[in-house]
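When the chains are written out, they are named A, B, C and D in that same order, and each has its own residue count from 1.
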């Protein structure tokens, strides 16, 4: 069996904590531009990657129209291995929209509990983990956080612990 | 098909650039203790993990006896998903020793081109990527670097580029 | 003339952006504990220092009573070289309260535009700069930011630029 | 007495640990370019500064000719407040060359025990401390490390502790 990596992968950016930056004038965390190119350079990635910067919003502000846009982006992707960078608060809802569409692709949702721009961020680890899962897992929609991967219909965010858990 | 993650994974530490630290008195990069617990805490990992700190050496100093020790550690691991943190210079040789043994386990070798303790390190991304591959790939020995995964018998380090490449 | 350093210095902590940390559960920057010991260890400081952790609040929440408390802390300090870590928004007001008291001490207010826990923070530089000024300047109250030092009665924060400037 | 800051300052770069970077291909710390502009941007400096990148070498490789070059750079500086970034191993020798020249300027030598590019560097703190001393102290040559400042003729590096100390 050949390793299915050579076809490359796609990363769809929607924002979330992963990409928040500190605005020194406003004194708060906001969105300005994605950190993704910096993380990929730091990771010395040679896997062919397409980057689709679709949104840069807090996932609490994500509407049904936004979620359909993410689904369309997955459906239209020429690559069959897809990572979606997403805020953790409504990541499961968007994964459900993509999961129900039963695309012939592997779509892995990930994000971060601590922004890439803050010391001690989980963003680079999570991106590496999700990208490997997007390449290696069978078709379907998944959530990858905390070094674990869950099917879209068997995952919830425990907001007290700040961790993702299986439903059953 | 159930996702095979719940059994947990094992990380075997051997040293390499991944774990080098700056010694302010000597003015050079040396080994003191592994950064692995810090990286796993930062990544907010909830996957059950066993850590086996076997060696903390430069992979150029790795002998045949050391490599057999790594093989023994893989063979003795109760977990079937294994990541070996290894220096990049002789990672392929040790992967070959493990690969030829044809264990009924998935062993993924990874490391870093820049130490975790240095700005712009690829260590957290690589660890996330390798851990996902250890969980998701069929049994065998692999090298995972540059967001790519290679079978042990189809990989080489391009020392000029500082990248891992397939042989064919 | 002997260098007046050997008597040591005092650092009074009141909070401000300098000391904000990211709370991964709440998803926002809050106060938990001061970063000061970490910064001083990182800076390899051997100057005798007393640390007075008085407040950990946003300077927009600072009341007249809080400011009198800072003045009392300066007045009671056995060390004559004092740095006050303070939020930038009302730093000038508190410096005025201390300045009008005309203590026989050198009190230098500083803070940060980016928290120590965020990439690209100005906190370590500012602390080093302020500490040197506290040791070297004549008695009085000063604000030290942007690698510049201002008397308490000749400084304002330009909120658009996020910089401190002389009034005249 | 006016605060003597408005005339600006000069920073002369000679290299040293302060400016070492990790070379991922060679696997060692080398010189490539100075981190000084990055540190100054991070520190949000508005003080007018001239940067003179004279050398980028390990101070163990500094010759008498190099030291005379540093002295010439100080002598030729239009600014009277000067910081010299220097390796710690022979910082005291170069400070002596400048000190004996009795320039009508304040020249403060500083450096770092941990490179700026390595986690936990003392470089930003030391630069802030030295710059303030260059602005505030009377004419003369000084060494500023460990949040302390020493006259050029009363300082030594304790190589076991990695700290600078007064001779008497």
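Operating definition for what follows: contacts are C-beta pairs under 8 Å (C-beta built on N, C-alpha and C of every residue); 3 or more make two chains touch, one makes a residue touch a chain.
Only a predicted model underlies this, so the values are computations on that prediction, with no experimental measurement involved.
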Smallest count of steps, each to a touching chain, taking chain B to chain D: 1
Most distant chain from chain D by Cα centroid: A
Interface copy of A-B among C-D, A-C or B-D, judged by whether over half of the contact pairs recur: C-D
Between chain C and chain A, distance of the C-alpha-averaged centres to the nearest whole Å: 40
Distance between the centres, which are taken as Cα means, of chain D and chain A, whole angstrom: 44
Length of the line joining the C-alpha centres of chain C and chain D, rounded to whole Å: 24
Sequence positions of chain D contacting 2 or more other chains: 24, 44, 113, 120, 162
Those chain pairs that satisfy the touch definition: A-B, A-C, B-D, C-D
Touch list for chain B against partner chain A, complex: 1, 3, 5, 39-40, 42-47, 49, 113, 120-122, 124-133, 135-138, 144-151, 162-163
Chain C partner contacts - residues on chain A that touch it in the complex: 17, 22, 24-25, 27-29, 89, 113-115, 117-120, 159-162
